[in-house]
Structure formats: structure tokens, C-alpha cells
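The two complexes that follow have chain A in common; it is paired with chain B in the first and with chain C in the second.
Now for the complex of A and B:
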């Protein structure tokens, strides 16, 4: 008893680190909240499995990338070809995985590019204010004024005319999608920054006399990260959906590069559509599963990172 | 209020000018045109045609000429159909409007009802099931949903026509025509409703939940009002305020034609014409139509702002 009284200093030294472990960081709290959200965890697992499957699967497939087989044309699913073959005798299952690589990659790359662009410009507009803000927001309005699908369709047609190689089309699609996606993200980030700027903790940093760089990078921007993560997740789903629509119309990723969208082009031929659902059903289901998983995960992330962001649920 | 509208109207002028410039440059810079696409023409004849349509003039001249025409209400002349663009649009836009407006009625009705019911009991089984349906609806690629509907209801079950607006070669009039068009409308409307109702339901639910938390609702309950009165007389009216803005954003969609839905269902609407003109490189149609949509989008935003300011006086003060 007496000894504990005398050794308070040592005791405190011992307790403080453990206290730090007991009080979890916001990231820890968010992860804990996400872990207790079964639909979101299920979605995360599904996405990881799908991505791994698409990357690794083709190596284990007995069928080559673009190996055609004139004797095995338009075969229904069976033991040899799990999802059947297409009009060139290519294995649909292998192509589905390869297309998954492309579609997921386009989703991720578009997310990276559009979020980088939108975040940078939105933060700039929100933080600098004044003429920068006015110009950037007018630009964003302008891009949003022109209907996006028609614009994408024209841009896609332009790409076809310019004779890009099939591989570089993938990157062009990413750039096209990003250029149309950033204004929405920029507006969100700007709004967030504007509201954060007025909060008391930002006033406190000013009172403390912190440098503007430190205020921006240590205090203002880190608070936008939760929004950024949620936005980025939803952006992937959006990009995958738009890419598939564009490729379905033959204006996005073009054959021989497979993508989930252009595989569904098979449905444009009446006989394939009616008699050979194995050609166009699997990619459609793959897109659907991916997008719904991303949406559910995004929703879970929003709840986990900042319950206040979800309107109406507190 | 008058000042507010006037100020917003003035802001739209530079927006429209810039939008027209972007749209013009986009199509002018796209390699290949309607005349290049026709391989049967000799070089001399092609040059002659280009001179007729003014395609050999400098870009700036063409832009100003186009703008001048627009100011006089002339959208241009379709190369493919050989009729004025405005006449062409007038032929097809109303089909799009028919499809989109019927779908709009349904998905607003469904979104409103489902959103309010699930907000009344958040966390209930209905709320949970609804959120599953909403997520599924939001995640369907448009064309895949359309294809599935055709496959099941038209091809396999033979309940409904596969596509188009009337049966091939039919010349029905009057009531028989209405019935036929209605049968052709069912699937595209269903597809549009399924795709749109999801996010709208989420929006209504969130808006309703925000309002239900407010003090005046607690006051209303404390006064001993019936729950039905609290929800429908007090909460719903306020929850509808932010939703009014959405109605303004629907404006361009009513005329633009759901491009993919119209293509898959072969619906003779504006979206269909859009893809058709693109294949034929009929740029005057595309330019006119895209600009028309940009104007509608700007008007829709304006309408949304004005509606909101009208419904919520707090906005006007800002």
C-alpha cells in the first residue's frame, strides 16, 4: 500500500503507454465498426476473392488467352469448358477472368486519376477561395452541363477514328472517364473543406499561430480523408458501370482486349442472345456482383468512418 | 425573388456560350465527317459537297456561323435525313418524353412511398429488405437489366413484345394503337423504374429521417397528435423541401432519351437517333442535340434553384 503511494511517478509512467493502447485511434475504431458490419465484410471478402481470381485464375486455366478452336465453336457449358465457348471457340471462363482484370483495372485507375484530380482541384478551390474558387467551380459546372454519356460516346467514336491500338484504348477510356468524373468529387471536397475551415479546431490552429502549411497538411486535409475514402470506393463502382456501358456500345474497350462490357456485345446478335446465354450472362453477373459489393462496402465504410456523413442516421 | 431569378439567368449566358464552344470544337475536331464516310464519292464531288456545307471554311467562321444560326432558332440541317434538325428532334423527342415521363411518375411514386415507410421504422425488416433491393437496383448495369427483362418476359415467356414502339408493319389507329404502344412500353418503363427508384428511395428515406429528428416533430408528438398526422402533415412536408430540387434535375432526362434503354429496346426516341447519327457522322444533328441537352441541363439547374428558393425562404436571404 505504502509502496504504491511512493511510486506514483513510476506507476504513471507504466500506465500512460497502456492507456494509449486502450484509447483506440480513429482508424482502429473505424476498422472495428467495419468488422461488425457483416454485409460490408462479406463484400470486402468477395471483392478480394474476385480480384485474386482474375489475376491468378488465367494461369491455372488449361486454355490460352486467345486460343481459337474451330472445332469447338459456340459450345454450351460443360466439363471441359466451364462456361462454354464463343464464336471463335475461345473459352468463356478464361476470357471472363481476363476481362475482369481489365474492368477492375479500369475501375481502379479511373478512381485514382479522378479522385486525385477532383481532390486536388476541390481542395484548392475550397482552401484558396476567391478567384481560384470561382474559376474552378465554373469549370466544374461547365463539364457537368454537357450530358456525360453523349459526350463519352462522341469521345469513344473519336478514339475509334484515331486508330489507337487496343491496349492503349484501355488508358484512353480511363482518361475519358476521369475527365468527366472529377467535377462531382471536386464539389464534394470543396464543400467539406469550406465547412471544416469554419470549425473551432481550425480557429484554434490559427490562434496557436501554426504555419499555414502545417494547418493545411496536419489539421485540415487529414479530416477530409474519411470522405475521400468513401468517394474513392463509390468512384470505382461508377467507373466500372460506365466502362461496361461504353464497351457494350463498342466505344470503350474494343476487342481483342476483353472487358466485361464488350463481352456482352454477344447479346447484340439475336441468335447468341436467344440461344447462348452463357456468352452474355456471366459478364453481366460479374459486373453486377462487383458493383453491388463495392456499393455495400462503400456504405459500410461511410458508417464506420463517419456516421455523421450518412444523413439521417446518428 | 425576381432579382434572384434574374441573377441566375444572367449567369447562364456565359455558361451556354462556353458549352456551345466545347460542343462545336469536339465535333469539328473529330476526324472524318459525313462526306468522308461515303466512299462512293469522287474526290471532286466530295470537295464540292464540302464547299456546299461550308466544311472547307476556317473553324472560327464555322463556329460563328453555327452560333448565328442558333440565335435565330435554327439548329442546323441533318445530312443523313435531309430535314432540319429541329424537325427531326420534334419527331423523336416526344417518344422519349412519353417513355421517360411515365417512368418518372412511377419511380417518384415508388421512391416516395418506400422511402417514407422505411424511414418511419428505421432498422425494421422492411427497412432492411428495402435497402437490399435498393443496392441491387443501383448496381445493375442498365443494358444487362434491359437484356434480362427481354430474355425473360419477351423471349422465354412471350408475354410482351421484344422491342420497338408498335408491331412491325402495323397501321393500327385509335384505341388499338394505344394498347399496342402500352404493351411495348411495359418493359422499358420497368427497366427505367428499377434503375431509378433505388437512389430516389434512399434520398427520400434520408431526408425523412433528418426531419423526424427535429425539435418541431418532438413538439408535435408532445402535443399528443396522432402519429399519422405527425408523419404526413408535419414531417413529410418538410422532408419534401430538399427533394424538390431533384425534380429540376430530372428535366433534361425527360427529353434526352435514355440512350442505352432506348437502344436495347429499339425505342424510336431521341437517344436512338443519337446513336444513329453518330454511326452516320451526322454532326449537325449531334451538335444540335447535345447543345439542346446542355440548355435543358442549365434550365433544370435553374429550375431547381428557383423551386428551392420558392419553397424555402431561408435560401433567398443568402
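Now for the complex of A and C:
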């Protein structure tokens, strides 16, 4: 008797906070879940620090990106050059940060472009259905069936022939990567839209007589935002990785513009590889840490945003 | 009697199935007076929901086909209306609530945002005024702390509370007809009675006709003035609720009443109608209930019994009325 009384009181206490005036939005709840995920938060912190470092770091460095020094070629790390110098006597630390800017920028820009493309086409295919859906999805299938690396190598080789300036090469790489990345995103979005479209609340919006534009933009698409965030995060990691591979092969970002991938090119030579690890270890570690961190963060975001995992939602 | 608010006239709907057309609704005729409460009762798959969805114009466009008949709303045939005009009626003069309140609300929008939408769409009020009206609606459906509920998300409320919100949303534009498709099936028994009470109260307050779709005869007995019993896509019996329940004419109605669990009667085994609902894609030539009926005769298997009668109608060759006629 007493125990039942006690338990109801406990229960009531547990219910009151959720019913109080502060009503946490789904975003609030997701952020709360993410905060209680140490690996994801650690990754987020690491990414923020790395990005800030890459952006701000070069201003504090005494060395210029392109400043070569014939007397200081291939020096091991020391007090003056923290991470040593390369075969032209350039400071590896400064180049690493500048390369980080380029690589992160390529990652973000590719993400924006491919997500925009993939989301738009995927949503269109899912919502319109019929012939639009068939055409878009066959196109996506076509792009996905072609192995991406050989295709990128061919495209990169063609770009080298066409003789673009080093800066515009960066944008070319972004476009190339985006064109290969969008089908995956489009498929995911389409699948999500197809299942959401059949949910009761979409029928309910129809029962209320809302316009189809309003149903699409206010009711359907906001429900795909969690998926979009997760996809976008993963896309950044993927783009950085592919860009590195391409640049490593000399077909992505080309010197003198530094990128983590083309800095790794030093590992191509046996002597550099064996005797001068400061040339290729730092960009390698940078790529590794960035991609791992983004993927862990992406996983954390998925756990946080997945409505099935959310507490209080059956 | 005045002109009915809604009248179904020989409505037939079929769906494309793997083995030919599935005739979900056949020759359904009944009407509903303004402010009246009508119950549609029957087993799963007997065409109750399809009847309601065709009224709202929400049948899946590719799969379904209206084979004939008309649905008149104040004299106007809803099946002939342009989609735009139909969208103006939906949520405005015609409203509907669903079985699962949890899934019928958008999880990423607050209740307030969702409640305001039909008001802005159909009444053309400003968002600010809509917010105030919506807050009032929440209190009208018996929920406290309306202001804070407006800022809540669906997952923060219980099923019963959400169903009240759904009702608030449905009645926000003062519809002339509210269709409630199994409104209490997904709810706790204790909450069911409250929701039904609320529906009855709002229907009375707003002079709103109520079309209650259910498989629960108890709900019908409490709520409905008129009852339509459907079986395998056809209306098999219709009439004032009290009469139909007290003196069922069709053997199927009798079966439904007999198979209701009665609290307190423990020892008796729960009765059930033998057999199953026939496949709607391959209906027999005669009465669809013939295989399960205890009064079946040769005539039942050769012809579909017509729905006859005036105030009370039944589709059975063996009902007292039918036998009295030549």
C-alpha cells in the first residue's frame, strides 16, 4: 500500500518536468543526446580545433607558403621548422595548415554541392514518382555502377591535359567529386520521402485541405532534415578521402597549391618514405584524424537524431 | 424531412488487385441528416474506411476506381468536383480524424503550428488570430494549460491527449460533418469513454453531423442515432440504432450482437460467427454472407438479396419483412 503510494509520487515527479513550460524541441533533445556521447563530442571538439588551427595558424607562422630556401632543404623537425622542411626548403608545418584549409574547404564545398544536388533530385523523385522517379533513379544507378576512382583518374588526367590554373583545379575537383557523390544521397532521400509520404500525418495534412506546396515544404521536407544532417557529415569525410587519393596520384589538386593528398606524394619516393617521415606523416595523420572524427561525429548525430532512439517517443 | 447533409447513392468502389478487381464497396446507399450521428459498423475489410475515404476524396488515385454512384454533399456531387474545390471543402466543411493520433500529427512541428494551419488556410485569419483561436480550441476539447501545450511537440503528450488535439484540429473550421474512423481503437479503455463524450458534446455544440466508423457495437449503442451495418462491401442492414440492436433483421447483425463480450458472463464461451469474410476479389454470386449463415437456402446462393424497407432496411431474404412481401 505504502509502496504504491510512493511509486505514484515518484512517477508524478518524473512527468512534471516534461509537461512544464519549457518544452524542448526535437533539436534540443538531439543536442542533449549528442552531449552525452563522449566520442562524438570529442570528435566535434577535435574538428573545431583543427579547422580553427588551419584557418588562423598560418597567420602566426613566420614562414610563407611559397618561400623556398635552398640552404634548408629536407631538414628534420627542429626549433625553427617544427615539422621540418621539404625538398624545396618550404616549412612543412605552414604547408600542412594551408593544405588543411584546402582539403577541408574541398570537403565542405563538395558536401554542399552534392547534398544540394542529391537532396533536390532525390526529393523530386520521391515526391513526384512515376516517370520522373524512374528517369532520375536510372541516372543515379548509371553513375553508381561506374567505379568512381578509375573515372576520377580519367577525368583528372583530362583536366591535366586541358591545362587549368592551379586555383581553378580546386573547383574542378569539387565539381568532379560532387557529380559522383550525389546519387547515394539522392537514393537515401528518395527512400525516406517515399516512406514519409505514406505516413498518417501526411494523409492528415490532405484531410485538412492544405496545399501541396505547403505539404511538401512544411510537413514532408523538415522530417528529412535529421537524415540530411547525418548524410552531409558523412559526405564531408568521403570527399576529403577521395580528394586525398586523387591528389596523391597527382590528378586532384596540383602543386603549388598544397593539399593533404598532394603532400602525401612525398611518400612516393623510397628515400623520402624511409628517411624523411616528417614529409608524409603529418598530412597522413591529419587525413586520418579528420576522417575518423567526422565519421564518429556522424554516427553520434545519427544516434541523436534518429527518432526511433529518442526517449519518450514510442 | 429536409434535404440530407450527405447522401451516398449506389456508390461502388473497386481496387486493382492481383486476381482482378477487388470490389471494396458495392451499391452503398445511405444518408445523413445535418447534426445527426450515424454509425457504420462491420468487420475489418468490409468497406467502412473506403466509404469514408471516398467521401473525403482521398482514395489512392492509381489503385482505386469509382465504378458508379454519387456522394452528394448538400446536393452537390463530391465525386464530380474539381480537386481545388474539394481541397477547399476538406478540413473546412468536411473533417476527419484517424485511429492513431500518435502518427497522425507531424513529429517535427509543435501542436500550435499544426492547429493554426487549417484556420489560416480556410478561414484566412492572420497567424496571430489563428494562434489565439487555436489556444481556445485546446481548452474547448478539455485540455488544461493550453498556452504551454501549444508549444509542445506530439511526442510529449499521451494518446488520449493527442486524440483531443486531433479533434480540436478537425473541428477548428466548424465542419458540417466530422468523420471519425475508429477514433478510440488505439486508446485505453478509460480514455475511450472520455473521447466519445467529447465528440458527442462538440457535435451537439456545433450542430455538426458525426459519422462514426467502428467495429464496436458498444460505441454505436452509446453514440449513434442511426446505424449502418456493412458486410463485404455492402450495406446489409440500416435503421435507428435502438431498433437495430434490439431487433436485428439480418443474421450478420445478429451474429455481431451475439459475439460481443458481456462483462459478468464468465462461464459462457465467447460466441463467434463461423467462417471468414469472403475474398472481395472473388465474391459469390449470391449473398456474401451465405456461407456463414445458419438460415441459408438455395435462393441465397443464386441472387444477391436487395436492401429493402423504409425506415429500417435489411438485405436478407429471410428477414421478417422480406418474407411478408410477395
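We adopt the following convention: the second predicted complex is superposed on the first by the 285 of 314 C-alpha atoms of A that agree within 3 Å, B and C clash if a C-alpha of one lies under 4 Å from a C-alpha of the other, contacts with A are read in each partner's own complex, and residues count from 1 in each chain.
Methods note: a contact is a pair of C-beta atoms (placed from the backbone, for glycine too) under 8 Å apart; a residue touches a chain by one contact, two chains touch by 3 or more.
Note that the coordinates shown come from a computational prediction; the quantities given were computed from them, not determined experimentally.
Touch criterion not met for A:46: it reaches neither chain B nor chain C. Shared-chain residue A:161: touches chain B; no touch with chain C. In the superposed model, B is the one of chain B and chain C that contacts more residues of chain A. Of the two partner chains placed by superposition, A:105 touches none, neither chain B nor chain C. After overlaying the two complexes on the shared chain, residue contacts for A:219 are found with chain C alone; chain B is out of touch.
Using the contact criterion defined above for the overlaid structures, shared-chain residue A:147 touches chain B, although it does not reach chain C.
Residues 310, 312-314 of chain A lie in contact with chain B in one complex and with chain C in the other.
Listing the residues of chain C that touch chain A in their complex gives 56, 58, 87-92, 95-96, 98, 100, 102-110, 117-118, 121-122, 145, 148, 151-153, 155-156, 166, 169.
Those residues of chain A that touch chain C in the shared complex are 18-21, 23, 25-26, 199-201, 203-211, 214, 218-219, 222-223, 225, 307, 310, 312-314.
Chain A meets chain B in the complex at residues 138, 141-142, 144-147, 149-151, 153-155, 157-158, 161-162, 237, 241, 244-245, 248-249, 261, 264, 267, 273-274, 277, 280, 284, 287-288, 291-292, 295-296, 299, 310-314. Across the complex, chain B meets chain A through its residues 15, 18-19, 22-23, 26-27, 29-32, 119, 122, 135-136, 138-144, 147-148, 150-151, 155, 205-210, 213, 252, 256, 259-260, 263, 274-275, 278, 286, 289-290, 293-294, 297-298.
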